[in-house]
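When the chains are written out, they are named A, B, C and D in that same order, and each has its own residue count from 1.
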């Protein structure tokens, strides 16, 4: 396979695989958490839906969207990582991903815990594409914020 | 007397003399022809008044104004040149002066006839000052046009 | 003969490398590169003549004023503008159109009136008119784009009515490349007494423009798309329309007399050029039109037609690619928007960039056209100019094939 | 130590001759000359990085975008603007003020409201407000200038009332040199809930500006008066005010989503920057503020105070000269308007030009001030900047004496 210089960092096999075989694709009806994200500049689009179990942990998640390989793969990876987390933990995860995508190196612990997210680290060498990678995560943040608002007390 | 380079062309003795000893200064009351000219960019101002005799020739003329040496000297010279001319002749004179100031050389005939106007020719080397020299003449044109309008038939 | 190799030597940026590859600049519809002559004109102004213009008696100010007005004359001649004072300097096409929307439309468009634009307009020739309609209560109507990517003029006489006050239309689409024949629009507009604004942002750089032959009322363009610096553009306005227009921005330079209570306006064109003008960029723009004239607009057009023909032919080698835009080369400029099955434009852009090739991806400031007429979230767009070569087109094609293989091979491996 | 000889070497135009004499450029209040570093920044952009900004995935576009936003950050820091997105790029001060007049005032000023300006305003900070008043039915009120050429703040609390929506005031007069202390105006405005716009066209180039310390709501400036090219300027707007503001010009770059029917707006600052921005000049402006910062605004100010002091002292040698402006040097910038008995400013300007000396003559875009407060048809004005020298001031004085002798000797001969 021909790989134009340096692109392997961006288009790691894991990314291409998630892009072509998105996990948890398809939206949940009447989801507990949901949000839609759109980046008009590239036309990237992501919709997220999540259901919580009785203990308040994500037990079902589905996404839908249209866009470049980075935004869609990032969404697919996201759906794997949020599963089983509480709303607070999800929020913490968003913050971690943001920090990483904005420059922080992943700790070994994070690499263990967040697995495939490491594949997205290569995007950092393509600053213009970072906002593609982040779109699903800012959408997730919106979903959490919205949920918090409606479940305030 | 110290004369900065090249300025003699602009500030010929005749000009300076007209500037300091303006001829026909002072406005006529109830003049047959009158107009006011103003150049807001330099603050130059000229008012012209003229009376015609029975045969329709300028027999009295007076001006007033404020401004640079060129505009005021030009006005003073103008008052000498219009005297004794018919309205048509005045109009022709304006056209001639315009042509000269915009670049045409004065013919020997014109030099004979228009005398001191020659002193204004030096202004042509200072294009930015040409509009100062022309202000009284465009004002004269206005006076003629206005007169024509009110004496249409 | 048009000698592109010689032309290229005039553009210093073209010797640049990107990711170790020679730059292949195919984003000309967004902005053009600048020849040394334009750069030099600008530098010469600041190293020898710079001053504020008008009203200055000192030599630098006289020189700056003369150069500024000589530039206006030269640019006016380039577009066959009848008199220099009918060419107003603006920052760009967008400001030129906003000038018309504010200074002309706000005084001439009333509730119940109609403004007509086409479906292929750039946001800059759409959003200002949406605003005029919102403020005045007028209605915005659309000339449709046909499946062959040309405009549908079949019911112009129904679209334009006695209520139509203005038709604002592009002369060349920055997405489809479509060249819009202005004449049918002009004729229909004249029949109902509407004025016509032509958005020349994409036509001015690439073909001969004659505003008198076109007979339009307004013509807007940007310098930066036609070899001049960013920061300068222009608006031609027909004499009678211009003379009746109220000012746009207000302040220094555009007034005749000012008291604390009120102001009167300077002569044309200054009435529409408030504040210190962009003298240096106007002079650089005149150097740009001089450069274009020397090469010849018809020659430039022919060169671009050849490149476009070659590119369209070669793109057919990649079956996953769909191109948008008229197939008839006489109806299109050197702009090719395309879509590649299974590869998002953004990914194409990134892969090509690694090959040194600059194209644009996205909605190209024509979002409704891309999203609701082409029905894609975005397109990739290659756009050519006078310095591009057939070899660069070939490099584009090879890089696109590589892109396809890159994303496609993985597919294959899975299968 | 401030070394003016070294500074002068940075300005290529200063080695120019005018009428065979070295150029003595004393028209800095109109526009400034450009150091090589500014020229180089501009040239470098076009020879290496030029592309349209935002949304481009290719390298040139990424570089251009980064350079453009880095420029905005640097210029924002220069004025202590809290966040870069609160600095909007405009063509010049005039456009910045018109932006406020159109985008803010048209939505916030109603019939019966009042706008306050001072008697020393430049047309660009007067005529737009006359227009707002005309359109909205608001009233324009004036802060008077005192016989000592400072502003009369004694009855600020009567001038500003509960109806006052905006005070628009210059920080330094381009005619009198008067430095206006903004604080009393700010305090009075806050008491009645009015916003304050500061016209910084003359202050930004010559002294340290801190928009947060000043606490103003709007601050407008022009690049060309502070070593940058023509074609770029800016407007700072306070956060809450900015967020509530409707757009100014409409078109590409300033939208978020567009349908054929309507549009939503991009984030700050882009919402206010319609069309292709002037990237190159923004970068050149950032090179200019870098240059100014390196010299130090306080050092520049001290240098100009020294020149002004020297010039005012020496002008007293010519008894026919009347100067306008505060005598207290701490209250004035390096601008000296003057009048010479029996010699019209225009004639002074011409005589000086033959000596290579560039000064401005006229009403300096402050016609009501000159004509109805100074009560002269025009003034001559010498204005200094960081590259001027005491020797140049001396040359000015000698030339003025020559002028006086030239026109005066003829007098004498007659007498």
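Simple rule for what comes next: a residue touches a chain if its C-beta (ideal position, glycine included) is under 8 Å from a C-beta of that chain, and two chains touch if they have at least 3 such contacts.
Predicted model, so just to flag it, every value in this text is computed and none were measured.
*Asks:* In the chain contact graph, what is the shortest path length, in steps, from subunit B to subunit D?
*Replies:* When the steps are counted carefully, the minimum from subunit B to subunit D is 1.
*Asks:* Using C-alpha centres only, name the chain that sits farthest from subunit B.
*Replies:* A
*Asks:* Which pair wins on C-beta contacts, B-C or A-C?
*Replies:* Spelling it out, more C-beta pairs touch across A-C than across the other pair.
*Asks:* Can you give the whole-Å distance between the Cα centres of subunit A and subunit B?
*Replies:* The mean C-alpha positions of subunit A and subunit B differ by 82 Å.
*Asks:* Quick one: report the Å distance separating subunit B from subunit C, using the average Cα coordinate of each chain.
*Replies:* Here subunit B and subunit C have centroids separated by 49 Å.
*Asks:* Would you kindly tell me how far, in whole Å, the mean C-alpha position of subunit C lies from that of subunit A?
*Replies:* That gives a centre separation of 39 Å.
*Asks:* For subunit C versus subunit D, what separation do you get between their C-alpha means, in angstrom?
*Replies:* The separation of the two C-alpha centroids amounts to 32 Å.
*Asks:* Quick one: which residues in subunit A touch 2 or more of the other chains?
*Replies:* Each of 40-42, 128-129 in subunit A touches at least two other chains.
*Asks:* Note the residues in subunit D that touch 2 or more other chains, in rising order.
*Replies:* Expected reply: 19, 55-57, 257, 346, 350, 361-362, 367.
*Asks:* Please name which positions on subunit D make contact with subunit A in the complex.
*Replies:* 54-57, 62, 256-257
*Asks:* Inside the complex, what are the residues of subunit D that reach subunit C?
*Replies:* Interface residues on subunit D, with respect to subunit C: 12-13, 16, 18-19, 23, 25, 27, 30-31, 33-34, 39, 42-43, 46-52, 55-61, 91-95, 97-98, 101-102, 119, 122-128, 130-131, 140, 142, 222, 224, 229-232, 249-253, 255, 257-263, 274-281, 346, 349-350, 352-353, 357-362, 365, 367-368, 372.
*Asks:* Considering only the defined contacts, which subunit A positions touch subunit D in the complex?
*Replies:* 38, 40-42, 127-129
*Asks:* Give the list of subunit B residues in touch with subunit D in this complex.
*Replies:* 1-7, 10-11, 13, 16-17, 20, 40-45, 66-70, 126, 129, 132
*Asks:* With touch defined as at the start, can you tell me which subunit C residues reach subunit A in the complex?
*Replies:* 19-20, 344-347, 350-351, 354-355, 361-363, 367, 370-371, 376-378, 399, 402, 405-407, 409-411, 413-414
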